[in-house]
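Order as written gives the chain letters A, B and C; numbering starts at 1 within each chain.
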Amino acid sequence: MKHETINRISFRQRLSSYRNNPLSFLLLLLVWCAMAATVFILLFIVFYILVNGVPHLTPGLFSPVYTTDNVSALPAIITTLLMVGLSLAIAVPFGIGCAIFLVEYAKKTNRFIRYVRLTTETLAGIPSIIYGLFGMLFFVIALKWNLSLLAGGFTLAIMVLPTIMRSTEEALKATPDAYREGSFGLGAGRLRTVFRIVLPSAMPGISAGIILSVGRIVGETAALIYTAGTVAKVPENIFASGRTLSIHMYLLAGEGIYTDQAYATAVILLGFVLVINFISSFITRKITKGQD
Amino acid sequence: MKKFATIAVAFGLLSAILAGCSGGSGSATATPTATESSQSLGEITVISREEGSGTRGAFIELFGVEEKDANGNKVDHTTEEALIANKTDVVITQVAASKSAIGYISLGSLNDTVKALKVDGVDATAENVSNGTYSIARPFNIATKGTPSEVAQDFIDFILSADGQRIVSDNNYIPVDANAATYAGTKPNGKIVVAGSSSVSPLMEKLQEAYLALNPNATIEIQTSDSTTGMQSTMSGICDIGMASRELKDSELAELTPIVIAKDGIAMIVNKENSLDNISSETVKEIYTGVITDWADVA
Amino acid sequence: MEAVFFITACASILAVLLICFFIFVNGLPAIAKIGVFNFLGGTKWAPLNTVPSFGILPMIVGSLFVTAGAIVIGVPIGLLTAIFMAQFCPKKMYHPLKTIIDLLAGIPSIVYGFFGIAVLVPFVRDTFGGNGNSILTASLLLGIMILPTIIGISEAALRAVPSSYYEGALALGATHERAVFFTVFPAAGSGVLASVVLGIGRAVGETMAVIMVAGNQARMPVGILKGVRTLTANIILEMGYAADLHREALIACGAVLFVFVLLLNFCFSAITEYRRRRE
């Protein structure tokens, strides 16, 4: 915030300005309260999981083979990674391509844009259980892929497509037209402008979308049970069935026998999401370095 | 302004952390201090399972919650006020967290966060189920279509052998045949898929591990879903053995051959702070049909 | 190259058509068999009785109540927090806060469910009475669950507003708060609305967590402290066991849910269209 240093005002000045503007003060209070509430709730949940899960984190949870004694989470962790990779490999090109088309190529009045936007928003609103039913009816039964990573990956790819598309679109829109005009003015073509100028500057927004998607993939249960199956070992190929961490947790918790380990798995899941967020923010920083 | 803000936030975070810790640890180590007289607990929180659940099916049938009407049609009279839990652990967690709750679960899933009631004066134990004094039990079925593959047949032989049945009783389920012969397998090669009921699959996983220790040539995959999916997968040939925690339906019996591999008792559970120890099956029925709604009326 | 982008843009249309086709083809015959009025207007759901009843009105009303509750709780807090993140946040706090919010987006709903049973249910029971498994509890939990979605997208939308808007407002003598709330916030309108729609979508469609705290009684909602069953809960509770007409009726439930989402999006696009026309 550059302007802050220019019109810096003292605390006292600010207070007196709030006396003249009670509404502003009220809004300030509201915003801070909302933030405090959010942080409080979120930290509460995180600590709740940690308190219940950390005491049950045992080395057995990370042994290479799942047995009923160690209820190892390692195969599930690997499967989750595979699933995230597979789903993103399908969804990211489509999502970004779609957003580029909408923002950079299509005319703003195009009817086609409206259809794409309407369908994307429809996709975003479809409950995961319906994706599960659809994936089961289409990929598993109609295409005869059986319960497999592939069927799960495609189902999830469709599910996260709108998230990636929407956030990319917003990020592309937010890129100032001056960038594009500058690039065109220097003689670059449309494609070069998109890939060299617009996309890199939209990277933080895009990666935010990808993070949200990864989160959704990692946390998904309802859509995967009917498409990817629940086999507790690392799938040999994409046509084999496997369980992701959250399905693993769902099943552990299910019969009330492994509740402690289920909480421990939730801790692993948290760590997982944390690592993914860290990596993606690291990548974003690398890409955007020297851009501004 | 900034400094003030930072301090305020730091304080907020700190209190959040403290609250989080106390809340979390409090619920984690819920040690009952004193058992309350059941009469003073007020309105009963009735917890049931979803329609179609093998546990619920057996429960409503055994306690007479399901009755035939004048036309001979079966009607499930479970009170509309009953909370519906979709998993065994949800029932346990609900009962553990609520003093006024009552629920029913598989005997094999019983743990010490809740209290199992005697029904008509009989303890809910595997022993009492197998000698017939505790009559609230249901079968664990597996089903195959046509002639099972060599591995599937060998695995079934193992389950029904003395070795397999010992694993059944070790895990608090009730063996079907106390005098089975020991397993003398042929150790065939191959891969089979077992799919179905989430109630049966914890037991099936134990059986599978023991079997694979004896026959390393085989590969067994277990898909955990539910009884109906398991039966349908078996009928369509996606899996070799289906698991069901209920009796098979007529449409399923037309295509599949069921085998009972174990029996499972159903335990009535209440919160540990509830002083009630024994409940009559008639009372259970009245609670679940909504006739009795307050603990004060429980005799 | 434009053609390639065009094709990728068609993907979402294709996906929606496929989903429509499969859900409706599998669901509509059941509605026809049961009768539209009996299905949508019936208040009794007893699929396993020998003479089954397939009325989903209780579930429809239940979904509406719970979603409305989640919006009332989640949207104000979420939007205000997004404003905080975009315009009020001291630099040093931003990173930790962002990390926590991103983390929360990744927690599986089943974990929220456990949290709901062990913390929210006793809290509601002790504070407001009832047995704790209620519309209120489900609304609270869903309100929390949609926070990351609403915060993430609204914040991005707020940041995308050109800083000249803010500076202009300040230059005209507005306070920081007034500039943010009455200039920047309205300018971010479409993004903010999108975040709310996505949030509503998540609330309507949430299954695994709601199922643990809502009580799931298949009867008309009788009070905010009484239990309720949502459409999604109805599907996942019984899908595993259902066969024949019962199964089709559950897929038909999915179809009804789907129509809900379509209506929601239709309203959303109608509003954005109206706004654009006015500008």
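Everything below uses one rule, namely that a contact is a pair of C-beta atoms (placed from the backbone, for glycine too) under 8 Å apart; a residue touches a chain by one contact, two chains touch by 3 or more.
All figures in this text were calculated on a predicted structure; none of them were measured in a lab.
**Student:** Where centres are the averaged C-alpha coordinates, which chain has the largest centre distance to subunit B?
**Tutor:** When every chain centre is compared against subunit B, the largest gap points to A.
**Student:** Please work out which of A-C and B-C is bridged by more C-beta pairs in contact, and write that pair.
**Tutor:** Higher contact count goes to A-C.
**Student:** Quick one: subunit A and subunit B, Cα centre-to-centre, how many Å?
**Tutor:** 35
**Student:** Rounded to a whole Å, what is the gap between the Cα centroids of subunit A and subunit C?
**Tutor:** 17
**Student:** Round to the nearest whole Å and give the separation of the Cα centres of subunit B and subunit C.
**Tutor:** 32
**Student:** For subunit B, write out the residues touching at least two other chains, lowest number first.
**Tutor:** 9, 23, 27, 93, 225
**Student:** What parts of subunit A, by residue number, touch at least two of the other chains?
**Tutor:** Residues 32, 39, 43-44, 46, 48, 253.
**Student:** Among the residues of subunit C, which ones contact at least 2 other chains?
**Tutor:** Touching at least two other chains: 114, 118-119, 236.
**Student:** What residues on subunit B touch subunit A, complex-wise?
**Tutor:** Touching subunit A: residues 1, 4, 8-9, 12-13, 15-17, 19-21, 23-25, 27-28, 87-89, 91-93, 105-106, 108-109, 111, 198-199, 201-202, 205-206, 209, 221-225, 238 of subunit B.
**Student:** Help me check something: in the complex, which residues belonging to subunit B touch subunit C?
**Tutor:** Against subunit C, subunit B makes touches at 2, 5-6, 9, 23, 27, 43, 45, 50-53, 73-76, 80-86, 90, 93-94, 97-98, 100-101, 225-229, 232, 249, 251.
**Student:** Can you check the complex and tell me which residues of subunit A touch subunit B?
**Tutor:** Contact set of subunit A toward subunit B: 11, 14, 32, 36, 39-40, 43-44, 46-48, 50-52, 67-68, 146-147, 225, 229-233, 241, 251, 253-257, 259, 262.
**Student:** Contact residues on subunit A for subunit C in the complex?
**Tutor:** Where subunit A meets subunit C, its residues are 3, 7, 17-18, 21, 23-25, 27-28, 30-35, 37-39, 41-46, 48-49, 93-98, 100-102, 104-106, 112, 114-131, 133-134, 137-138, 142, 158, 161-162, 165-167, 170-171, 173-174, 176, 191, 205, 208, 211-212, 214-216, 218-222, 246, 249-250, 253, 263, 266, 269-270, 272-274, 276-277.
**Student:** Would you mind writing out the residues of subunit C in touch with subunit B in their complex?
**Tutor:** 46-51, 90, 92-93, 114, 117-119, 121-122, 125, 131-133, 211-212, 215-219, 227, 229, 233, 236-238, 240-244, 246
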